[in-house]
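One structure is given below, represented as structure tokens, and several questions about it will come after.
A, B, C and D label the chains in the order they appear, each numbered from 1.
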Amino acid sequence: MLNWLRRPKYRSLQRREMPAGLWAKCPRCTNLIYRKELERNLKVCPKCAYHHRLPAIERLEITLDEDSFAEFDADLTSADPLKFEGYPQKLNEARQKTGRPEAVITGDGTIEGYRTVIGALDFHFMGGSMGSAVGEKVARAAEQARDRRLPLVIFSASGGARMQEGALSLMQLAKTSAAIGRLHDAGLPYLSVMCDPTTGGVTASFAFLGDVVLAEPGALIGFAGRRVIEQTIRRKLPDDFQTAEFCLKKGLLDMVVPRSEMRSTVARLLSFFGAPKVEAVSVEAPARTETPQVAESRSGGSAAEG
Amino acid sequence: MLNWLRRPKYRSLQRREMPAGLWAKCPRCTNLIYRKELERNLKVCPKCAYHHRLPAIERLEITLDEDSFAEFDADLTSADPLKFEGYPQKLNEARQKTGRPEAVITGDGTIEGYRTVIGALDFHFMGGSMGSAVGEKVARAAEQARDRRLPLVIFSASGGARMQEGALSLMQLAKTSAAIGRLHDAGLPYLSVMCDPTTGGVTASFAFLGDVVLAEPGALIGFAGRRVIEQTIRRKLPDDFQTAEFCLKKGLLDMVVPRSEMRSTVARLLSFFGAPKVEAVSVEAPARTETPQVAESRSGGSAAEG
Amino acid sequence: MITSTPGPSSDLDRQLGDLEAEIERLRRLSREQSIDLAGEIATLDARAEDVRRKIYTNPTPWHVVQLARHPQRPRLLDLVASLFTDVIELHGDRLFRDDPAMLAALARFDGQPVVVIGHNKGKDTKENIARNFGMPYPEGYRKALRAMRVGEKFHYPVIAFVDTPGAFPGDEAEERGQAEAIARNIEEMSRLRTPVIVVITGEGGSGGALAIAVGDLTLMLQYAIYTVISPEGCAAILWHDASKAAQAAEALRLTAKDLQALEIVDEILPEPFGGAHRDPDAAVGAVRAALQRHLPALRETPVEALLERRYAKFRTLGAVETAKI
Amino acid sequence: MITSTPGPSSDLDRQLGDLEAEIERLRRLSREQSIDLAGEIATLDARAEDVRRKIYTNPTPWHVVQLARHPQRPRLLDLVASLFTDVIELHGDRLFRDDPAMLAALARFDGQPVVVIGHNKGKDTKENIARNFGMPYPEGYRKALRAMRVGEKFHYPVIAFVDTPGAFPGDEAEERGQAEAIARNIEEMSRLRTPVIVVITGEGGSGGALAIAVGDLTLMLQYAIYTVISPEGCAAILWHDASKAAQAAEALRLTAKDLQALEIVDEILPEPFGGAHRDPDAAVGAVRAALQRHLPALRETPVEALLERRYAKFRTLGAVETAKI
């Protein structure tokens, strides 16, 4: 399970995300950017600072220390409890597209040497929607953090609850928030980072419950969608409505942090909140062998629960 | 100390408050009201429902069961810690005017049979301002309620902290709020009733900290004064600004209750919150002899503390 | 009446629609031209009632949606007036505003103190506008949380009544943190140190419903719905066609029976034949009986045990499996 | 400079005022008419400095007010930059708005994590307007409380820096519950389960100051003030004459020395001769030394003992006696 970040699947995903060619066109400023430069710049446009959306796997790669990650529940995925028309096909498409079984990756790792449990939602997987598996993995990550006295860091990117699992998706708001509540009660830190876009049920649950809530510049953050709101109030909304910067002014976020500084900022926060630090970062984190119950849970929770 | 409500001093206060004559002029609607009718109507104008300001002693009289009240710290008053120019004279004038040593009366009693610790601020005593003695008596009342597992009810009417005691007055905000905090921690109910006017330091401390916050109709409630605000924002404020009804809409109050229904509303709340009930209301509450420490404290805390 | 659907969902609906249109036509004719058509109308009425009976006997999910939204369906204030005594309404979040779309009250149930919260839909257009059709702003959820904290302080049970199309999707609601308010309530309810009973009485609309619906026990009226998205919204997203709402209602499994099978709902409270509005007292009676059945045990459960069970209840919801890729 | 008083408070002030006016006149003359008056100006400067020295040696309360409000006085951001490392600012109350008049931050003091809150006055007009002259709205106090809760959760000490003319007296501040926000903070700070050190660095303006000033230890810079009402406000109310502010400043006992005598302030932190702005590093050094002196013991005190002491500290403030009537 280790070193999965280097699995060929990921490379093929990379290729799919960024179609072949030396140049990429920025969706905001429409400038042509030399692809290598864009990659070097963490997929932030060097001209207009547009933060391209990142697959979960890339998010973890630019955040975690190299080779420090060990995934939890790698094979866990949503079942189709409602036998919802077309859902299995949609799931399959998303799996083909991302090379991942679900819309979130969770695990443990280190950031600048600070040990943490971490999760990243994947907007490229069915819009990062939260179904049973996403809720389950986030809840398990919170429980892992609690049991092992580690911080929790979650990068969110999601359109909300996953319609195709009906009210069971809605219940994931309760499941994840309850797990975060226990983490808070246990006195452990939880950092939530909202990436573009974080809306709907994910904002209305764990994403807004961080001790510190961060966001990437320009990220869309809100509960209801712009179109629904405009239909409701019968007015056009200002361009900056629901942007991270807008939310910061409205007192909803602690800080907006450019991608280039996110890793160091999260590390500083982890340090502040007393995250344990490993001495040598380059190799496998030593704690793993000390906590057998983790190895167990890492084997992947199987079968349906609900 | 019992039956003090019938002391001649109170009668003379009555006369002073309501100058002789069969008729009284309503300050709001300017109608002439037959004085007896006004009294019967709890000093609420029968024409326009204007709630006349009540001295603390009358407030207790219309709230408590007859003969149920026993005062705490009846003789406690503020010293003149700053040797503030003119303060002793002002205190004396207020004492002459109200027949009371200070701007608050505290004690225990029953309301429709429900035992409670109760306090009432007196706007007629130096604008109900909170100095050391008011703070001390409110804090002691809260402590009495806590020690004896009784609810606390406070009727506020105050212009704020008492300037003449400088920062010591300001410290009464902390003293009273801390005492209320302990009452909350002990799981005991505290009902705050804001009467006209409740502003400044009293709103910024115990008056807004009730489990339930009530107000009389039309009561002025706010932190800063209208004139200061108008000077600051350089606009005229709407007429209803800072009225109880305005505050209710702004989500700051639980309810606005006409004087005629206040006693029964408070009683219903006391009942809801599990206040102990005495069987026979007409005579002295039985609990008093059971709690000797109260009798002690009732003897009046003496001398300076700070 | 089950009529104004964005598209008939069955033959029975179509029959009923035709019959009702014909009855209306005859009524107008009779009125405008002073012809006595009482006999004809009565015959058609009887046939319509017959079709309705068939529908009610086995209503489709879309019928249930109509019943859950029925304008005559008993509303929160009806329930509160019938179920509780000594009701004292609390107002405001102590932060920004009193939200009339959310009720918070102290009350007694069978003489025992409880805290009541609930979405406050109106009964007519005017009241609906005043109450924003039961769609709270963040301050509504914050008021509810404040009231729940009162319940927690005194260890009085909280009874939450759910009936909302959803949290209000307006710009000011977003600016004041609609998502934050919902998230906060969900988290705080999951660890509120007092019993919480949730009763879904009408529309359980997504996060705006869940924000007051995390408790020890989830009861649901027979023809209420509870869903992650409105059938119309689902149809619009899935098939770009809101008129396929009936189909979406089916797919979403939003009826009490479906939700009980999914273990989201603990108990279904039976409604009178044809829906709660046909006999509000009977519907209220079912709620009363359920509260009477469950409150004593919940009151006596130690808080820690309560919180463990509540956590487990939501913790286990969902359906996951090992991926096959 | 101690000049722009609403009325001279002493002979020394008058002398200084005359000298400064004369210096200014000579400077203008020298500039406009290209006359060399350097010698004369230097002489007068020396005399002015002499008078200032006399004033600073024994400043009146009104002088202290001027020093506390001095435009060059070190502000919160100066203090924070010098005292702490790894500063991470937190924003927003998660309810309505981020208030720039209040700072909330995570930081390290001598390597140890602390939570810093404080009134955030500006250094120039532009910054002052942006920060509302350090006068918070309710959302500022609520942001501070939120940050304090973070400190409480991790048992990190809270260090609160007080420098405000008062809570903002505006209509919107009232509407959003200015009084409620202050009251809530005072109550919550009185039982916050982590050490709280309060440092009054400039103006301690009434309830708006106290809202972040309930703690285990109240430190005060030598020429800071702490008062229930501004001297101008007091004079206007008492004598209907704001120009009697100097007299009111005297009466209010608002200096650190007075407040120590009243047991409101635990410790006075010495300022450089002439005020903190004359040597900001020295002033900051005094704060640093005090924090170093007190933090270790506070950190080690069990929470219950801390709360008992904190309660007793405020509980005993005041001066009461038995009435003589």
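The rule is short, and it goes like this: a contact is a pair of C-beta atoms (placed from the backbone, for glycine too) under 8 Å apart; a residue touches a chain by one contact, two chains touch by 3 or more.
Quick caveat, the model's predicted, so the values are computed rather than measured.
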Touching both chain B and chain C (chains):
D
Could you quickly compare A-D and A-C and let me know which has more C-beta contacts?
A-C
Based only on mean CA positions, could you tell me how far chain A sits from chain D in angstrom?
43
Taking each chain's centre as the mean of its CA atoms, how far is chain A from chain C in angstrom?
33
Separation of the C-alpha centres, chain A versus chain B, in whole Å, is 54
At what distance in angstrom does the C-alpha mean of chain D lie from that of chain C?
54
By residue number and range, which residues of chain B touch two or more other chains?
184, 208, 250-252
Multi-chain contacts only, two chains or more: what residues does chain C have there?
94-96, 176-177, 180, 184
Once you've mapped the touching chain pairs, tell me: line, ring, star, complete or other?
other
Which of the chains are touching one another, listed as pairs?
A-C, A-D, B-C, B-D, C-D
Per the contact definition, I'd like the list of chain D residues that touch chain A in the complex.
86, 88-99, 106, 108, 113, 139, 143, 150, 153-154
Residues of chain C touching chain A in their complex?
167-171, 173-180, 182-184, 186-188, 190-191, 206-207, 210-211, 214, 226-229, 234, 237-238, 251-254, 258-259, 262-264, 310-311, 314-323, 325
Chain C contact footprint on chain B (complex, rising order):
184, 187, 189, 208, 211-212, 248-255, 265, 268-269, 271-274
Okay, in this complex, where on chain A does chain C touch?
75-82, 84-86, 95, 101-102, 131-133, 135-136, 139, 161-163, 165-175, 177-182, 184-185, 200-201, 203-209, 221-225, 228-229, 232-233, 235, 237, 241-242, 250-252, 300-306
Which residues of chain D touch chain C in the complex?
94-96, 138, 142, 176-177, 180, 184
